[in-house]
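Two complexes follow with subunit A in common, the first pairing it with subunit B and the second with subunit C.
Moving on, here comes the complex of A and B:
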């Protein structure tokens, strides 16, 4: 007979408690950096310390007033807007082609488009830097935008491809029987039904582009420096809570964007593949 | 001639549909053998068969979703074999309804009118008219997702009919509905088809639906039309053993031809000798004495009588299935197997299982095929 304190119910309870603690720990570790940074950003003194020795919002004012950050933000927004829009256009075309053509090279095309997910951003940045120097574009927005497009494309492609796979092809057939030419079928039926996927893809691309650092470090010049690169440069020089304040703003902005996007179209719905037709 | 005018001309007279030696294969699979079919103007023709029989392939060729490997398709006098779907002037209803989820009900119904350049004011009137025809007035501003399955199917029908199509194609439109709704929709579908007088091709695997709705049924199997005839003829005079087994219920009994004398074929069934009118033989040439055969007898052509009656097959009651106005009685007949009789309910009242009874077959209503006639799908 097993000792009384090891009754099955007690064991089950202990396991459940242990599991809950584990989940809490994982969640804790995930949000820990953000929380530490957020708290450090409120420090009254000019050192990055945790816990803070007094509360103040002055570092937020410094962060928002710093010229390099202002310029970096503008650059980042320009790159983000152009890169994610281009990525969505390219991604939509590629997704359509992959889904609609019975092409033999379909698998290869898919693999190539998804490859930036396995190639380090570092490598991509270096590659584009060498290439840009070669063609005399090293100091332009062009090379930044192009490298961002390549980096976010797999995610955009995936999002749009899934929304395309979920369209019931009989809808397109029905439109054709009603007199719609192929172009009209696309504009009136296919495209509107792809729209949520395209939007989700754009949001993904925007967030990834806005946060991208590694590749940007290589391909940005003084005049095209994006915000994360400007932040890195700042950290190398100074170690005050300005950095933490800016990081906190960064996180809050991104979270608001993603939550809004989710409210608008339900990202979870778009990112799930329904049962195959 | 504007598109709108063409629509008007279309509605004046129903068109015949003619398929001439149409065939189609997918890879190594011959989905449709060389098939010719004439659908009469205004006719309700059903393509009936099990899945994989080629009925959907045939419908898709008429619609223009598929090109035949050879053969031609005519709508009226017009050759449309290679004409794209959008210019064929067909209306189609799908099993899944295929309503546009991003448009309202009215938007769905107006879609075809919009594609044909019908002016906005006229469009609204015709949408209202089409929705009224399916008893959905006032539903125009709703979205398809807010409607029941039956309502969605009626919207799909209104959408197809709003254009006054030259031909209406129905691809299993009722099979997603539950049974009672399906019966109700059968009635409505037939009424609408008759009101518009549109030539209709209906695809189904449900023989009950086919019998209830069709002017003629083309029974298909393995890429071929086995028989094309009115529901009554398909039921009473099946051309092949497959049709006999697929359309309606039938008892399939093993028999042997014992003799052929004038108008009568002597049959050995379950050890008994019975006479069948020679006209009920549906094989090639004349039946050969000694040949094995299979006899199809409808349950309603089986009468129950007292055990020991002459010309009847003796057996015992295995099961009694009460069905309201009538009752199915399953009889176990030695040396033959089970036999189902459909009798008026009072005649079967109080029959205990195991009771000795005999079955008298009305062979004037039966069909006899050679034993090797292949009746499997």
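Moving on, here comes the complex of A and C:
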């Protein structure tokens, strides 16, 4: 179909080059906001402008010294630590049960626990807010933590499933044959083999909880405000590059974490649900 | 056979959590049918008024806009995500693949607020795009990207891309590269190979990616809130506004209920279309 004077090899090469350029352009689109925000954060003057009028690190000092951000960071770390640990404990137990029991309702349980991945976060936030008001728990850390556990659990379940599927069940049977009781088989054989999945799930849960914004906006009060909510309030009130500095810190930290997690546990396997056989 | 009765003990925490979550969803359903008492957080007697108001053109329009934005975003994300997913799956170099993976996935973990703020810097009247275009003399007036559907969509595609790439990469990983090589041996050019082999075989991923992102955009809040700036309003923004500006939680709950039902409908559509695509793949 190509004109004769174009050899197939030339066409193939041109297409390959075109595809590489296309992918480079897409990568550029993905990275652009991060680069722009990093440049903006170094701006010396108080208005966002390109190119920057001069270079300065003063906005980093402002961001780190801002009281609401400090309090938000502490709140976020507290919520993250508790929510991710709870999610991993609940998730590991549930994943084991769903993976191994033959109970007919396990499908329903799984569907309910995984549904927050598709149910819009704002509805979950509103639901928890109304429920918390009804049971007298509004403005507490409790409702923030519980809503975060519900929201990150699907991702924890995913990563633990992957590690469960990689377990060689014969090892458990061997331990049982050698006289180990079920509890001991679980503690000394099953649990250690689940460890990578549990760890990956915990990292996942921590990162997602730390960044959760929409549901948090609904369930947090002034005293339980998490960092993303504090950042939202800041953006609505001020236009100086302080937020750019904080965003840059956020992005850099996240990239480091993603690279590390990818090295350690192979995030790509968990995310695409590719269970290696 | 190993005694697995200990498994039952593992069930309790998950059941408890599922119950609390169910209560939160039930709270929405319950509030959706209650009367709003202005100036009070208490709700009045049962009513169907909130649900009836959903068809009010003012609110129906927000639903229509949300769906339209969802459609645009899903289509654009598919077009942007497919080449990236393809490169991710087929790049022979491991280092390059890792780098592409980190680039594709990081936005998922930086959170909506940081990403949206970053886009404000790109799209704003004094933002990156306008500065570059003004400086280069291509435009005389700043482009209006903020507070427009286009601007919201540009940022939403960025927000949705990691999920789309994950879904497409999973589907493409199942396409055996030997089929393409066989077709190449038989003389098919690269475009034909893509159109006749790779694309049809990755259709399950395309369909599932499209519908998932469509449903996923309905959950976006910060992006339409900050970039739409009140001029582009999605359901999530309306719910927030009703809840926190007018304290009309019953109507906010009714809107949320409608959004949940819409999501369920979209997922049912996904199941149905997946089954169809699978059947087509079997017959092919």
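Here is the rule we go by: the second predicted complex is superposed on the first by the 252 of 277 C-alpha atoms of A that agree within 3 Å, B and C clash if a C-alpha of one lies under 4 Å from a C-alpha of the other, contacts with A are read in each partner's own complex, and residues count from 1 in each chain.
Just so we're on the same page, a residue touches a chain if its C-beta (ideal position, glycine included) is under 8 Å from a C-beta of that chain, and two chains touch if they have at least 3 such contacts.
Not measured: the values here are computed from a predicted model.
Looking at the shared chain after the overlay, A:173 reaches both subunit B and subunit C.
In the superposed model, A:22 lies in contact with subunit C only, and not with subunit B. Judged by the number of subunit A residues each one touches, C leads among subunit B and subunit C.
Of the two partner chains, subunit C is the only one that A:8 touches; subunit B does not reach it. Of the two partner chains placed by the overlay, neither subunit B nor subunit C lies in contact with A:81.
With both structures placed on the common chain, the touch criterion links A:192 to subunit B but leaves subunit C unconnected. With both structures placed on the common chain, the touch criterion links A:119 to subunit C but leaves subunit B unconnected. When the two structures are aligned on the shared chain, A:184 is found in touch with subunit B, with no touch to subunit C. Put simply, subunit A uses residues 173, 176, 182, 185 to touch subunit B in one complex and subunit C in the other. Against subunit A, the residues of subunit B that register as touching in their complex are 3, 63-65, 84-92, 94, 96, 98-102, 111-112, 115-116, 156, 159-160, 163, 169. On the side of subunit A, the complex with subunit C involves touching residues 1-2, 8, 11-12, 15-16, 19, 22-23, 26-27, 29-34, 36-37, 40, 47-51, 89-91, 93-94, 96-97, 100-101, 109, 112-113, 116, 118-124, 126-131, 133-134, 146-147, 149-150, 153, 172-173, 176, 182-183, 185-186, 207-208, 210-214, 217-218, 228, 231-232, 235, 243-244, 247, 250-251, 254-255, 257-259, 262, 267-268, 271-274.
Of all the residues in subunit A, the ones that touch subunit B in their complex are 168, 170-171, 173-182, 184-185, 188-189, 192-193.
Listed in rising order, the residues of subunit C touching subunit A in the complex are 2-8, 10-11, 13-15, 17-18, 20-28, 30-31, 41, 80, 83-84, 87, 98, 100-107, 109-115, 117-122, 124, 126-128, 131-132, 158, 161, 166, 169-170, 173, 189-192, 212, 215-216, 218-219, 221-222, 226, 235-236, 239-240, 243, 249, 252-253, 256-257, 259-260, 263, 267.
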